[in-house]
Structures are given as C-alpha cells and as structure tokens.
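Going in written order, the chains are labelled A, B, C and D, and every chain counts its residues from 1.
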Amino acid sequence: MKIALLGAGFIARFYASTLHAQRRKDSIHIVYSRTRKTAEKFAADFRVPACTDNMKTAIEDPATEVVLIALPNHLHAEAVELAAAAGKPILCTKPLGRNAAEAKAMLDSVEKAGVFAGYLEDLCYTPKILKSFEAVANGAIGRVLWTKSREAHPGPHSDWFWNKELSGGGAIIDLACHCVEISRNLIGKNIRPIEVMCWAATQVHPIEAEDHAIGLVKYANGAIGQFEVSWTFRGGMDLRDEVMGTEGSIWLNSFLRTGFEMYVAGNKAGYVAEKAEQASGWLFPVGDEAHELGYPHMFSDMFDALEENRAPRETFYDGYVVNAILDAALASAISKKWEPVQLDDWRGIQVQETDKEAIPYDEQYYLVKKELLPGGLYKLILKDKQTGRIIQREITQP
Amino acid sequence: MKIALLGAGFIARFYASTLHAQRRKDSIHIVYSRTRKTAEKFAADFRVPACTDNMKTAIEDPATEVVLIALPNHLHAEAVELAAAAGKPILCTKPLGRNAAEAKAMLDSVEKAGVFAGYLEDLCYTPKILKSFEAVANGAIGRVLWTKSREAHPGPHSDWFWNKELSGGGAIIDLACHCVEISRNLIGKNIRPIEVMCWAATQVHPIEAEDHAIGLVKYANGAIGQFEVSWTFRGGMDLRDEVMGTEGSIWLNSFLRTGFEMYVAGNKAGYVAEKAEQASGWLFPVGDEAHELGYPHMFSDMFDALEENRAPRETFYDGYVVNAILDAALASAISKKWEPVQLDDWRGIQVQETDKEAIPYDEQYYLVKKELLPGGLYKLILKDKQTGRIIQREITQP
Amino acid sequence: MKIALLGAGFIARFYASTLHAQRRKDSIHIVYSRTRKTAEKFAADFRVPACTDNMKTAIEDPATEVVLIALPNHLHAEAVELAAAAGKPILCTKPLGRNAAEAKAMLDSVEKAGVFAGYLEDLCYTPKILKSFEAVANGAIGRVLWTKSREAHPGPHSDWFWNKELSGGGAIIDLACHCVEISRNLIGKNIRPIEVMCWAATQVHPIEAEDHAIGLVKYANGAIGQFEVSWTFRGGMDLRDEVMGTEGSIWLNSFLRTGFEMYVAGNKAGYVAEKAEQASGWLFPVGDEAHELGYPHMFSDMFDALEENRAPRETFYDGYVVNAILDAALASAISKKWEPVQLDDWRGIQVQETDKEAIPYDEQYYLVKKELLPGGLYKLILKDKQTGRIIQREITQP
Amino acid sequence: MKIALLGAGFIARFYASTLHAQRRKDSIHIVYSRTRKTAEKFAADFRVPACTDNMKTAIEDPATEVVLIALPNHLHAEAVELAAAAGKPILCTKPLGRNAAEAKAMLDSVEKAGVFAGYLEDLCYTPKILKSFEAVANGAIGRVLWTKSREAHPGPHSDWFWNKELSGGGAIIDLACHCVEISRNLIGKNIRPIEVMCWAATQVHPIEAEDHAIGLVKYANGAIGQFEVSWTFRGGMDLRDEVMGTEGSIWLNSFLRTGFEMYVAGNKAGYVAEKAEQASGWLFPVGDEAHELGYPHMFSDMFDALEENRAPRETFYDGYVVNAILDAALASAISKKWEPVQLDDWRGIQVQETDKEAIPYDEQYYLVKKELLPGGLYKLILKDKQTGRIIQREITQP
C-alpha cells in the first residue's frame, strides 16, 4: 500500500518507524506537515520520497492508496472530510473526535462517501491485549464483572495537548480513549454502555483541563469498565490492565514491568523508553516499544482488512462510541452524579443485566462459597433455598 | 499482659497464633466463646489456661488486664460496653461498628469510662505499609494526590459475614474499612474526608449485600482515597496499595506477589496461604502470614501504648471516622451521587484544597513539563505567564 | 525474497508463522520435507505454493533466492553442502553443527562457495536482548564481569532431539548454544573464549544424553559466561538472562514473567505458550511468542544483510565458535576439570585479563567501598596505598 | 533469657534490634566490645543495663544465661572456648570458623563441655525459606535435582571483612556459608556432600581474596547445590534462591523484589534497605528487614530449643559441615578441578546416587515426555523398552 501520511510529529514518527521496519511491504510515499521544514526533515529521516505542506496535495496524489491521519485532535475532522471527498481509505489516530458530535460527523462523512475508515486504537492491538481478548472471548475467565485500564505518565510531549481548545480536553480525552475501548473489547462491543461516573481534577499543572481522572462506565449487562488516567504519575509510563471474571482474572503490565530490569550506577543508560524519567538507578526498558504499544499488529489488521474487504477490528463507529462515553465522563465530573451515555446511533444488542444464578449444593442448600482452611479442612458457606438462612459447615473432602 | 480473648473463630485464631509465638511476653489467660465446646477446643489448641461461655466472666476475671474483642460485628457493641463498665482496657477488631452511630456509641462509652481503647486495624500495621507511611510522612514522594487500596478475594470464611444483619453489610463493611484507614494514614489523619462516590453491586453471590464495590473518598486538601473491594475475585487474596505523589509513587503487593513463587505439578502443596484457591500449578505462598498481615506489629503497638500511657496508632476515634466514611459510601451507592461524610465530632484540622503553585521557568514562562526524547533532546512545555499560551521548545541541555 | 524452506516440523512452523505475517514481503515459495504428506500439509497450512520431498529440488528451484534450513541437527551438513554447491544464500537454524568439526566443515563449505551464510540464533535477536546488547555496548553497566543465560523446560518436542546420534547430544547442544552465543554478544565477540568447566548429568529421563547441565566459560578478559540448561524444569519454559557489570546489572525474563498474568479457575485457557504445563491456575502467557523469541528481528537482519551485502549479526563463524565451546563443555563434564576451547581459526583479538585499577580516595588511601548506613552516615572502606592495610571510616557527607 | 552479647558492630546491632523488639521476653543484660566507648554507646542505644571491654566478664557474669557471639570471624574460636569453659550455652554467628579445622575445634570444645551450641545461620530462618523447607520436605516438588542460592551485593560494611587474615577469605567465606546451608536443608542434611567445583576471582576490588565466586556442590544422591556469591553486584542486595525438583520448582527473591516498589523523583527517600545503592529513582525497600533476613525466627528457635532441651535447627555440627564444603570450594578454585569434601566426622546417612526410574507408558514404551501443542494436540515422546528407540506420537486426549 502507498500511504499518504498527514502529520510529522511524535505519533507520526512512531507510525513511520513501525511501517518502515521489519521488511513490511506498505510504505509512506508522501508526508504532509503544516511546516515545510518539518515535512522535509521527516521525509529525510524516514526515506519518504515526497513531502508537502498542503494537505490536499498529499491526499489527492494519484499514488495515494490510503490516508493515514496523525494530526493533532483539532485537525482530524478537516482531514477526514478531505480524504472522504477524495474517496480514499482513511486511517485516523485516536481519539477520533474531540467530542461525540465531531466524531459522529466524521463517521457520517466516511459512511456517506463509502470509504474504508479504520480507527487507530493501538492499545487494543498490543500482543498481550489481543491474547487477553481471545482468552476472554473463549470463556477462559467466565463472565466479565469488571475491567480496569490505567494509563498514567508525567504528561504528553506536545504543546497542543495542553491546550483544551485544540485537544478537546485533558487526560481524559488523551488517555481514557484507550482505556474505554479496551474495556469495550473485554466486556463485549455489542453491550451498550449505559452511564458514567467520573472524578476529574487539575491537581498539579497550571492548566485548565484535568490532569487526573478516574471513571466507572456501567454496561447494560452490569459489568463495570473502570479507567484511571493521569498526567501526574511519577515513575515512567504506567500502562496496566486488569479483568475480573467469574472464573478467573487477568493482570497486564504493558510497560513498566515486562521482564526487563536494568540497574545503572552511572548515567550512561541513554534513552530508556517513552516517558521514562530516569537514566540511572533501576530502569525498566521495554524490548520493542512500537510492538509493545500495538502498532505493528494494528497496521497489519488495517491493511489486511482493506485488502480483504472486511471491517478492521477498530472502526470509526468504535471511535464515536468512545467519544460518547468520554462526553458522559466529562459531564459527570461536573454534575457529580452518574451521567447517561448519549448514543443516537446504537448498533449493538439490547441486553438486560445478567441474572445471577445460584449454584445448588444439595436439595436444601445453595453453595455460597468453599474454602480450604489451614489444617486441611474445607469450609462451606451454604444458603437455605427456602429460608435464605446462611450457615457454615466444615468437611474433610472437597 | 494477661489477655481475656472474646471470640474463638478465624480471627481469634490468627490473634492467638500471633500472641503465643516468637517468645512474646503477653498471653491469653482466658478465652470466651458462645459455645463451650469451641472455647474448650481453642483453649487446648493455644494452651490457654481458662475458658468460658460467659463473656462477663472473662472480662471481669481479676487477672484480666486487657480485653481483646475478636467477635462478629454485631457483638462488638455489647462487648465494649461490658469491658468499659468493668474499667478494663479494650482492643477491638475491625470494623469498629456496623455503622457510624454504633461506632460513635462505643467511642463515647470508652471515653466516658476513661479506658484505653485500641482499634485493631491490622492492615495499617503491615511492615510494608508502616514503611510507606514513614516515607510519605518524610516527604519522599511529595504531596499525596491519590491513594488506592484494594482488597479482593473469593469471599469470607464464616457464615455471619454473609448475613447483612449481623455483619452490617457486605464487601464494603468487611474490606473497605481496611482500605479507607490506609488512605487516611497516607493522606493524613488530620485531613477531613469530605464526600464519597461509590458503586456497589451484587454481581455473583445469592446474597442481599454487595459483593463488589469501588469508592472514591475526597479529602479536604483535594486528595482522593480510592478503595476497591470484592468478594468475587478469583486467584487468591489480592491485597494491593498504590500511592501517587507529586514527587513519587508507591506500589505494594502484600500477598500474591511477594517474591515467593512455587510451581507444583502434582497436588502435594498442602495449605498455601489464606484464600489461596489452588494447590497445584504456579502458587504464590507468603512467608509468615500473620506478619505480612500486620498482626505482630499491631499488638506490639497496642501493648506498648498501654504501658507507655499513650494513644496507639489506631484508636476508636479512627474506627468511628472509618465507619462514617463507609456510611457515606453505602448512601452513594444508592443515591448515585457524591454523598457527604457525616462527622459530628471532627478532631482534625480545617484545610482548604491545596493551591497548585506554577513552577517558573524564566521571566516569561512557567514550566509545564520536561521530557527526554529518543535521540537525546529535551522537550519543554512552557506556559506564558501573561497570555497563558502554551508552547513547546527543544533543548539539548537539561 | 523467495525462500526455499527445508524442514516442516516445529521450528519450520515457527519460521513460517513469522515470515507469513505482519505483511512482510519475503515469502516461502517451496517447502521440503522428508515425508511428502507432511510437506503437503505444511504447504496448505501456510499457503506455500509448492512442496517436495526432494531437498535438491527445493534448493535448485530457479526461483529460490535463499535456502532456509529448519532440519534436525544431523541433516544440517548435507543441506548446507547442497545449497553451497548450488551457490544459494543459506540461513541455518541452531546449533550449526553437532560438534565443532561438523560446523567447521560447513563454514569452510560456504566460504569456499562464497555464499551468504546466516546463523539463525533467534535468542540473540529478541527485542529485550538486542536492547541489552546495545546498552552494554554503550557502557551503561561498565565492564562486563559475568553473564548468565538460562534455558530450561520439560524437554523438547520431537523424537530426534532425544536421540544422541541425531541431535549430537542432550540439553547442552539443544539449549546451551543459545546461552553461549548470548554471552559472547555481551562479553564481546572479539574476546576469545579460553576454557570451560561444566557439570552435566542425566537426572530424570531414560536417555543417554544429559538432561541438565551447568557450565562456566572463561573469556580472555577474565569475564565468565555461565549457562544453565535443563530438560527437567517444571513450570513452563524458563528463559532468563543476567549480566553483572562494574557499573550496573541486567535481569531479563523472556517468557515466564513478562507482565502477563492470568488466573483461570476452570480449564478453558486453551494453548497458553510454548512448553506451558498447565491450563488452569495462575498462567503466564506471552504476548506474541515469535516476537518474544526473536524470530521477526532475526529474519529482518538476515534479509536486510543479504540485500545490503553485509554480514548479518550472526554468522556461520559464530556458529562454529559456539560449537567449539560446547565441545569443551562436554569434555569437561567427563574429565571433571576445566577444558580448553579448541579454536583453530580464531578471528577475534588477543587480550590479556583486564587489570583492575584501584580507585584513589586521597593521598594516602584507595577507596574499596562506600555504603549508606541506617541513620544517614556513610561508611568508607579504605586501603592504605603503601601498607595495604584496610581501615573503615564513617563520614556524614557522601 | 538473660543474654551476654559479645560484639557491638553491624551484626550485633541487628541482633539487638531483633531481640529488644516485638515485646520479646529475652533480653541482653550485658554487652562486650573491644572498645569501651563502643560498648557504652551500644548499651545506651539498646537500653542494655551493663557493658564491658572484658570478654570474660560478660561471659562469667552470674546473670548470663546464654552467650551470643557477634564478633568478627577471627574471634569466634576464643569466645567459644571461654564460654564453653564457663559452661554457658552458646549462640555463634556465621560462619562458624574461618575453615573446617577451626570449626571442628569449636565443635569439639562445646561437645566436650556439654553445652548447648546454636549456629546462627539466619538465612535458613527467613519465613519464605522455612516454608520452602517444609514444602520440599512434604514432597510438594518431588525429588530435589538442583538448588541455587545467590547472595550478591556491593561488598561488606566493616574493614575486617576485607582482610583475609581476619575473615578467613573473601566472598566465599562471607556469603557462601549462607548458600551452602540453604542447599543442605533443601537437599537433606543427612545427604553427604561429596565434592565441589568452584570458580573464584578478584574481579574488581584492590584486595587479595576473591570478590566473586560460583560453586557447584555435588551430593551423594546426585543433587547439585549451586552457590553464587559476589561483592561486585550493583543494584542493592541480591538474595535469591531457586529449587528444581522432579515435580516442581521454587523461586524466592528475598530482598530486591518483594512486592514493595517506590519511585522517588527527588532525594528524600532516606535509608531504603541494607546495601541499597540509591535514594532516588525506582527503589525496592523491604518491609521489616530483620524479619526478612530471618532473625526473629532464628532466635525463637534457639531459645525455644534451649528451654525444651532439644537441638536447634542449626547446630555447630552444621557450621562445621559448611566450613568443610567451603574449604573444598577454595581448593577447587585453585586446582581447577572438582575437590572432595573432607569430613572426618560424618553423622548423616550413606546413600548412593538415586536410580532414575523410567515411567512406563504401555506394554511397549516408556514415557519420555508429554506436551500440549498449539492447536490442542498432545505430543508424546516414547522410548521402546526393548530396543531403546525413541519415537513421537500425537494424540488428542491427554
């Protein structure tokens, strides 16, 4: 695939490093930046044959087979509109919009134009998370009760992130978009997000938007998707996910504890990893950053989907749902109560909260719990089916 | 010290194992249980010279120097009243009351009687948490922004926990009492808890009370103390704490990942640890359970305090504050909004939310953030003191 | 690149999974297996257009641009000879030979034919190990004193591994080839391996070859490269590396503790990871196995090297040195003393053991050690430059 | 118990901190130091009622019920002789002697006098190691094949350690005494250590003794006890143990990764833990150091044993065996071959190397190995009972 890359900043460099590596067959043939000099430097660094400071030129270049949007949030809508108008397949970085209305407009735009539109939610493509999605889908941990996705670091790398107007907000729009979509994948994309409770505050930085927030998203089946996001975390980039199911649990640490530990007494460690704060002492590098962050698997899915004429794992519709959930989170942070998720266009199923089924123990009792005690006995907690009375019983055989 | 132990169940056994070990000089001289047979077995198991099924007998025994309450929640009040009436020092297991009103009555009772009254909040005495309290108090991680305390396991071991009437509730009253008090120690016991937002649900078990809950407690200085409690967790007993400060972070895992890993192919592992669910595969035992759970350090503080005529680290007043916070959590789970913490008797300080102080970079700018980039450059995010405009700048020297 | 793949077993499947993924541009155009049926199934599974049970046919196919040898050890020599005779570039899986003589013959063969010859030592290409090599090369941890590489699991997957005649030995030839080459990369490939001390035993299995061995390889600069290999480990595949340098340390866990932990109460986990022994309880899957084992980076280096007309990171010469070290290890296991590494063809440098340079503290003393004590004092251990006498001194400033 | 403590240095302070804490009933009633001023300071710091610079005075004090030797290695023999002469029970810190001859003389001395003599091998008393001993003894991991005990740090804290004359050597005598005794406990104290292979070198410090060594101790039943000791490790105090059994594995990390992680951006962390090298960045404190190092459980066993008139877990005989093994290690480091362990006085059993028993699979075959493959099949490796031929077979049911 011949790619027109829009943007030449931090994320664009990550994308290009991924695409132009590991003998992949897709390549960036033209790069656009608002600043010609930046575009030229980028083209030189990544051996891109052409560059421009005119977005339209890049998109409409006849060689362009797919448009890859790696621009600041406030420029997504314009780029999508131009690419859709040109009838080109589109890949857009996260978050899709600065809010649900903007995302919905983009979604409508690509659907009207009938073009392929992939949502570049990289953290839903890390190898660990892909295996987790598969394990959960196969029932390995039973019914999902709760998911927690955490992204926290000392703050983003470019000026526009810190400007609420340009980015659409603070830590929530920047980071919770990842967390929310991870939860949706685990709980089930077909399950409707109902309402959100969120705390948000500006605890440290001299900015208007929140630099720390925690939210609970309640889904129609009773599952909770929690997000924890912060620009105030000290210690590097904290990317962790957890899942609790009725039959099991998952714990992921995607960046700070991945089996790579290095102690450096002096100061010759050099670059350690994205958002690392130290170059001496105990350091926790990651092997191949792009890989751990999901970029290779994400682009493979996107281009494969395009060639196979199927939807990618993450679509513009997903981006829209995520934005709607984040809107509710921001509203809740202000109203201080649970706020409904406004989804005019719901494409999943309608479910009721799952009924819990009591496990029968014998004729008289339900089993509430069984536990192995020190000494080798098993303790049972039982509930009388008739009276509801709860008793305990110790037995020797499990 | 000669101890009258009230109760002979799971927690009483843990207490006795701790007290009658490691050549400690305090000892249980009489044990009370509602069932004579249980009292007798306990006395035999732990070499306690006397036993009784009359609570008053145990308390008023002339040899009794301190009364140790290890009874189910609904019996705390009665035991405290009797011991206070007898003018004996009292140690009461957690939670103090089933709600703030009950706790307040107990507090009033001991204060009126003028007896020593220690609150047995063991998880505030684990060696790791004590060192964390000290590090935080010394300013090692700066101003505390957020704490998270998590206790989750597959459910408690005795029937009365599962009966809302007797226990006072579900996972919140059972587990969040620990979490809330850990947060108070980290944020500062003098800082007033203002309001609570809480989600709670009965996701798995055939019971009335919640078996899973998450809460956010907001303190007067803007810090947040989060609790995560569950009786639905699969994989053992999950005891983790985290703290984010402006200058650092703390991560504790107190039970499931403590540097002890054992793979057992067969099934000869025997008892592994409290609430362990497996006896084969990868197991994660703990070294000395009572120690990891804080019991030895807790009793040392209590008896030392009594002898030194000072307050222990954890008092009945603390127990009351914890109950008040939990009451607000339960109210919030129903009202679905932030609920104020009702504290008629506040003994801490009055603070306003901390003002964030912007860090000056030079005459024109505040420093928002500094980051080391791959390639060795430093990127600065700066905010114009006058205009508020945010810019970025790359520099070669830090 | 058009690849002729020789072999269709376990490792061939791993190679094909890697090559035919992630939109890579190289592809297998023909696969050879000794059994036609196996070749056909493989071709179908990996969409390889052609297959054969004649090795020569695959190699000499005009479309074949590179020959990829994924055969059992005893067939490497023949395959290399045929490919060299056909003048085709060769990639050969590890170990190169069953012993140094066989490896030397292969090396001579490809050098005489003047063909490209890459040694497929995948564990020297894992992302973590590549970053470690770079950090060490940059001096991040000072002078390397000791390296340890451990590979242990419950035993290999194919019959021929267990036959000493076909494989060339047991756990040493199978696993220590990885470990030895990792150490060489860390200590410096230019540094001559001098002698080896090795213990080996058949502790568990009904076989002739060793199923457990530990070896120490001494290098000319005094550094030690330790290997620990076993077919008797219980708990999965244990892949760990450690490095001690004068200024730092590295700890890698490449498979069992990589930040991915899953508890499964039932038995629906399915395939977890290579050599995993359980499908329930606490499981430790890996994200993308091929990636964690180094395959993608290895093939990228090989094909890039071929196109860029440069040597790959790992060459047949490296394979030969590894075999020579393993020969010395096997000899030592029998003689029970250090055995010299026989290298007729040494292409590195000649170094003497590094002289330790004492660090001056002041006019009178060398500094032996400095340590922070509880209480805040620093303790110095000093050695008199003249008399050699060692004293200690406590100071308040570091 | 009334304790006369001989020594007032680093280890004496650790002992006193342990004994005079947690409301223990034993106490130091007199402390001896070669320097009166040191004795006085120590007495003041730990509330010891009396102090002296005359060793005999402390020992022969009528109140002295037990003599606790915490002196540098070269003073153990003299102290033991004096205490034995006085007929007092003796506890002696590790290593018992500077070599086996010295240890044997001490052993003979206490046995002749008929006094209680405990060997203070603290690392055999850590809660994790005690549970591991118990699990291994219960057969949880089957027959022990290999143990590894590692102690490494940046070097000891007192001058005399660095003087070969006074300490008896370098890292081996200082640290491997722990490792060897841990291995003996795991493999079985009744199993005779046969021979030792050891590498040792002075890689970093300006001293005569070794600062880094690795040894393999072979036991009569074929098990190997490996030790890794170093004064050159960077990163703190590395205390790790591993065990491989036929049915399981154990991994312990006793100091650097125990579930306590703290990131400190500034430099206010203060004292972190013994041998910690940093006070900022990612730090890994331990909860209660004395506890993690085994002191409380060690003293409890010693005093309980004395009162119960039984042998403690660790005796002077154990200390003698350890010294004999270390002597062989030092000899091997020089001779460069396996050296026999000289034990004139062996009190264990005589065993032959365990015969491996092949596991029958069916009438024709032994089972060599079974493995779950990706895709759900099981692969069997089988050995023909008659011909010895090894084959593989894939089956669908386990």
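Everything below uses one rule, namely that a residue touches a chain if its C-beta (ideal position, glycine included) is under 8 Å from a C-beta of that chain, and two chains touch if they have at least 3 such contacts.
Please read these numbers as outputs of a predicted model, since none were measured by experiment.
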Notebook entry, point to check: Using each chain's Cα centroid, which is most distant from the centroid of chain A?
Noted result: D
Next item on the list: Take the average of all CA coordinates in chain A, do the same for chain C, and state the distance between these two points in whole angstrom.
Entry: 35
Item checked: Centre distance in Å when chain A and chain B are each reduced to the mean of their C-alpha atoms -> 33
Next item on the list: Just give me the whole-number Å value for how far the CA centre of chain A lies from that of chain D.
Entry: 48
Margin query: By the touch rule stated above, which residues of chain A touch at least two different other chains?
Written below: 141, 234-235, 247-249, 263, 265, 270
Next item on the list: Please categorise the chain-chain contact pattern as a line, ring, star, complete graph or other.
Entry: complete
Next item on the list: Would you tell me which residues of chain A are touching chain B in their complex?
Entry: 141, 145-146, 152, 154-160, 162-163, 197, 199, 201-207, 212, 214, 216, 218, 222, 224, 226, 230, 232-235, 244-249, 270-271, 275-276, 279, 336-338, 356, 358, 366, 368-369, 371-376, 379, 381, 383, 390-392
Note to self: Considering only the defined contacts, which chain A positions touch chain C in the complex?
What the structure shows: 21-26, 126-128, 130-132, 135, 138-142, 247-254, 257-266, 268-270, 285-288, 291-292, 296-297, 299-300, 303-304
Item checked: Interfacial residue positions of chain D with respect to chain A in the complex -> 234-236, 263, 265, 277-278, 280-284
